[in-house]
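Two complexes follow with subunit A in common, the first pairing it with subunit B and the second with subunit C.
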Partner chain A sequence: MAKLPKKDELLQHKFDVPKTDWMDTPVEFKPGTYCYGAKAKNLEIVNFPNARDWSPEDEDWKLPEDWKGTIIEGISDYMSKYRSFRLFMDVCVRCGACADKCHFYMGTGDPKNMPVLRAELMRSIYKRYFTTSGKVFGRLAGARDLTEDVIKEWWYYFFQCTECRRCSVFCPYGIDQAEITIMGRELLNLLGLNTDWISGPVANCYIKGNHVGMEPQAIMSNIEFMIDDIETITGKRINPSFNRKGAEILFVAPSGDLFAEPGIFTCMGYLMLFEQLGLDYTMSTYASEGGNFGFFTSNEMAKRLNAKIYAEAKRLGVKWILGGECGHMWRLVNQYMDTWNGPADFLEEPISPITGTKFENAKSTKMVHITEFTADLIYHNKLKLDPSRNDHLRITYHDSCNTSRGMGLLEEPRYIINKVCNNFFEMPEETIREKTLCCGSGSGLNAGENMELRLRGGFPRANAVKYVQENHGVNVLANICALDRASFPSLMDYWVPGVEVMGVHELVANALVMDGEIERTLDLRCEPLPEKGVKSDV
Partner chain B sequence: MAELKVGDRILLLDEDGFLDNAADWDEEVAHVLATTEEVELTQEHWDIINYLREYYAEFGVAPMVRKMLKDTGKKQSEIYTLFPSGPGKGACKIAGLPKPTGCV
Partner chain C sequence: MKVWFSLLAVIILALTAWVGVEILHLNTLFGIIIPYTAIAVFIGGFIIRVVRWGKSPVPFCITTTCGQQQSLPWIKQNKIENPTNTWGVIWRMVLEVTLFRSLFRNTKTEKIEDKLVFGSAQWLWFGSLVFHWSMLIILLRHLRFFLNPVPGLIIGLESLDSFLQIGVPLLYITDVLLVAALTYLFLRRVMIPNIKYISQIADYFPVLLLLGIAASGILGRYVYGVDVAAVKELTMSLVSFKPTTSTTIGTIFYIHIFLVSSLAVYFPCSKLMHAGGIFLSPTRNLANNSRIERYINPWNYEVEKHHYSEYEDEFRDKMRKVGLPLEKE
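So, the complex of A and B:
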């Protein structure tokens, strides 16, 4: 694994005009900026083509014999299936509005990380094989031949895009760069080219229902462990529910919350909230993953992995589905699930059993985001809250790219945080809400071997956190995404030491006054709470 | 793929030095994996390794770090003293467990 550079070394890149034209600038695989290649065993599990062990460092990538025909046929196929793809290939006017909006461009200074140029890596091939001007005028018309070097360049740069869609907010034509990256990755998968960090979780999820590869006994044992801690903190023993037929609600969380810190504290928050409400819910040990790394391989794979959520809802006979704090899960629920795996006509339109609120926005998917559910509870005064228990925390909130730009969930998390905490500070306006800056590790880039890339891509976000740390003494970065919770701790430790990472429902449960609980002296991490009235140092 | 020579056997390792096939693991393999981590195995190391092996046999996955600390009675800093690369990349690697994957 590449050695991690020091902070000032990561900030030395220039934004100069490159010496050579982009078509004449060969791709350079810089250590620390790319992931390992997908393993044969993981591709075989899901019947992906050209399963073999390979390394991006090898000269020979062991491409299938007619790889060129496969790619051109693939482009043609996707053009006919996805009108957006052809549109985005055709309509760009190279205005450059997107160029400096990408966190990877900001963090690397590599022109091929400008969204416009990253798209051009694909567009040049489209032009050469699918447009008359490109066929006749070639390079003059921005076209180039498809070669193995182009495939390597695609692989390097389409796995340096987190599909965050910040650039699309600024594009006057609304070109969605994530769609182009998604198509690029689809095409690469036709040749067996993905990363180890994506294909491993996909294989795990296909066999066991979640990315971590937890079997039912592991999930239940982890929850049992959390319940022990909750008992220590509150004096109350929680009764979880697994695979219970006839429950009203199926709850689906991202598997990171069932396994790793700090996600497990968010999960403890869900459990405490449901217990206090006496909610009639159950968790499936098979639909044990809200996230979907299949989405980072192909549309079809994402659909296959996502199918288990409705399948389990049907098997268990629930009325509707409640989903946890996950990022890309919600983009998929909001934009794809209904047409992939629906219609979910065996479910009912979600109604909160506590407040009677009908979640109109979830009419077709039958799936409600937990912050919508909790914000509604608080709005109707159904929770007793003591926000002073979070007084030692000075909080800022990171909008996950997928929940903000992918589903427009902007107000609910903020509403909750403001009700359960007394010290909330927004980062600068151009870095939040629909303009939020990516964690730098999304879309399956949260591996270990590409840490330099993650730190570079996450730098703009970290810089905004640093701003509120310096101006408001912020010490907590709250979020509603498991990938954020997995990736931010190392980003914060590197760029903004002293900032902890917490899910919103960890904050909720710290403040939640439960019936019959003992006086709280510990927070959800089993750390002593400061005495009443003691504020944090600023 | 990198290789690990253990006696007469040649075992495959992934890029981070984890066993490619968890079934290849035995105590002799652990000793050789420990040298790749520059760790000399003592009884204290073996207590952790045996715990991880037993947990993995029952649950098919590594334990949560917090659970590992509670079950072994160790502090996180003590794990790092024993296994400088940490609970995952140090202890789990030597115990022959696969790397955790996903949003972790």
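So, the complex of A and C:
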């Protein structure tokens, strides 16, 4: 991993432009801003083409023979399959509204990170090979030839986009850079060009059921570890089930929550809530991943990984599915899962067994978001809560890109936070809800070797956190995304020291009064709870 | 360079019409043949482009949600920014097409020392809105040349547009607004470094061409006092497919319609097609209801999967050891 620059060094950039036209400005692979290349063994596991070990630093990327034909055929193929692709190539007027909306542009000042220009990297090729003006006038029409350097530039910049869709909120035609990045990555995968950090988890998830590669016994022992902690905190020993047939509900979480801090605290939150409710649920070691790194390689791979959720729900004979706190998982559940792998006609329309609420908005997918489920419980007074147990925390909330712009889950988590905590402060409105700023590590960019890029991409978000830290003494960044939980801690340590990262259900479980529990003195992190009546320092 | 090239192209086009009519007297070519051809290319080209987009399916429901989803009954849904039914989508599209809703959201990001600051930035929205609406009103006003008798609605629009009662002939407010808005749109392209950096000939040329069209129209009306009766005779003859030319119309008129014809031909093969494209944009014209109703992908195909049985085969011993239920003992 490259040595991390100091804060002021990272903030040297200005939003100005190079002297040379972007087409004449070659891509520079700066250490700390890109990931390792995909390894042969991981591509072989999922039968991807041109599997070989390679490194982006190599001069020769070992592209397959006729790689050019492959790309051009690929563009033609995807254009016939996706209206968005052809349309978004055609209708951009380069008004520039998107330019300063991208967190990578804000954090790097690299003009090729303006969504419009990142799209132009692809559009120039589209024009050259698929439009008459581009074929005849070439560069005058904004077209350029497809060369190996173009492929390298694509790889560099399409893995500097987190598919967060913030640009698409501001675009007058709804052009979504995520769609263009998705197409770009599909094309790159035809040549065996992916990152190690994405292709590794994909291979893991395909064979072992989750990105982090936990085998069944490892999942069990991690949960066992959490159960021990829960016993220490509450005096209650709980006993969740795995792969159990006939349960009412299958619960699917992102594997990050089963794996490492601070995600495991969120997972403990889920477990404590379900225990208190006496919920008839089970978890699966086979479908042990809600997230989907396949989505960052190709549509087909995403579908292959996602298929496990419905398949397992069917095998276990559950009635419906409950999903944990995860960002891109929920974009996929909302916008892709049913289309890919439905219809889920073997399941029933979800009804909360506690409140009887019918989740009408999940009528077809039969999958409910845990904050929808919990908000409904609290609304119906089904949980006994003591929000003062969170009084040592001053909380702000980060909307995940995917749940806000690919779903619209905005109020549910806020409702919960307001019920389980007494100190909640919003970040500035240009940085939350549908305008939320990305963590800078989404869509498979949360590796270690590209840490400088992540810090830069996360800077706008951190900047907003810093604002509430300075003005309201905020010390917790709450969220509903496993990638946030994995990536924010290092980001906060760097930009806004003193801010911890917590899933919403960690906060819920802190406040949750469980039947027969001992008097709580510890929070879920086994740190002392605030004394009654003593407020945190502002 | 790109700006000069675009400007040169517009000047050459204008000169072509001037030479063609003033020197070579090709009135039939510039008054009849070219306009007919241009209209045919415009209509044909527009349809071809839209049909081509239409042929590609929208495999997934990729709405960009910009508000609260439909969820629990007591949580207020934003039915326009996150619609679940057709009415919501229609409202969203109407706001997008007529008021440029998304562009209205625009903010400006500035970096002041080590902080980012977000300010409002509605000038682009305002300039675009003024341009498009002026353009629409001007187009509607021009219908007076193609309809006989002129409908009251058009006459009403004209008097509204000239209600300031300045000059002879009366000054149309939209003429001023159009030129002002186009000038703003052009200037921001050349003056804001980032916008200049992303701009291409395909961006400068249409703005300058539109300015050329506006200028020739304005000169014809306010300066040269083009023989409007003769123009109407020509345009009506075109509409009724019994074309005749006239020698009493000034050359400036031919420059005007040649530039309009150029725009009509250029339109379908350019970014100006956003006019049709916006209606097809899947992030805006789809309801966010894919959890409520199954959204169908016409090319959805079977994929190779790693089934549970294969998983259990691989991990059976380990699963047995930790007491997980098995399909096959």
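By definition in this document, the second predicted complex is superposed on the first by the 538 of 538 C-alpha atoms of A that agree within 3 Å, B and C clash if a C-alpha of one lies under 4 Å from a C-alpha of the other, contacts with A are read in each partner's own complex, and residues count from 1 in each chain.
Throughout what follows, contacts are C-beta pairs under 8 Å (C-beta built on N, C-alpha and C of every residue); 3 or more make two chains touch, one makes a residue touch a chain.
Keep in mind it's a predicted model, so treat the numbers as computed, not measured.
Look at A:391 in the shared chain and tell me whether it touches subunit B only, subunit C only, both, or neither; answer first, second, both or neither.
Touch partners of A:391: none, neither subunit B nor subunit C.
Going by the contact rule set out at the top, does A:163 touch subunit B (first), subunit C (second), both, or neither?
neither
In the superposed arrangement, which partner chain does A:376 touch: subunit B (first), subunit C (second), both, or neither?
Touch partner of A:376: subunit C, not subunit B.
Kindly classify A:452 by the partners it touches after superposition: subunit B alone (first), subunit C alone (second), both, or neither?
neither
Could you tell me if A:291 is touching subunit B, subunit C, both of them or neither one (first, second, both, neither)?
A:291 sits against subunit B, while subunit C stays out of touch.
State whether A:211 touches subunit B only (first), subunit C only (second), both chains, or neither.
Only subunit B; A:211 stays clear of subunit C.
Where does A:260 make contact in the superposed view: on subunit B (first), on subunit C (second), on both, or on neither?
Touch partner of A:260: subunit B, not subunit C.
Decide which partner touches more residues of subunit A, taking subunit B and subunit C as the two options.
The larger set of subunit A residues in touch belongs to C.
Which partner does A:275 reach: the first (subunit B), the second (subunit C), both, or neither?
A:275: touches no partner chain.
Tell me the contact category for A:96 with respect to subunit B and subunit C: first, second, both or neither.
A:96: touches subunit C, not subunit B.
By the touch definition above, which subunit A residues appear in both interfaces, subunit B in one complex and subunit C in the other?
215, 217, 221
Write out the stretch or stretches of subunit A touching subunit B in their complex.
It is residues 1, 36, 39, 53, 55, 196-197, 200-201, 204-205, 210-215, 217-218, 221-222, 225, 254-256, 259-261, 263-264, 289, 291, 293, 326, 446, 448-449, 482-483, 485-486 of subunit A that touch subunit B.
Under the definition above, what is the set of subunit C residues touching subunit A in their complex?
Residue positions touching the partner: 5, 49, 52-72, 74-76, 78, 81-82, 84, 96, 100, 102-103, 105-109, 111, 113-116, 118, 124, 128, 192-203, 269-271, 273-274, 277-278, 280-284, 288, 290-297, 299-300, 303-308, 311-312, 314-315, 318-319, 321-322, 324-325.
If you look only at subunit B, which of its residues touch subunit A in the complex?
For subunit B paired with subunit A, touching residues are 1, 14-16, 58-61, 64-67, 70, 89, 98-104.
In their shared complex, at which residues does subunit A touch subunit C?
Residues 7-8, 11, 13-17, 22, 47, 79-87, 90-97, 99-101, 106, 111, 114, 116-117, 120, 131-133, 140-142, 165, 168-176, 179, 206-209, 215-217, 220-221, 242-245, 285-286, 300, 303-304, 307-308, 311-312, 315, 333-336, 338-340, 342-343, 357, 360-365, 367, 372, 375-376, 379, 404-412, 415, 428, 430-431, 433-435, 459-460, 463, 466.
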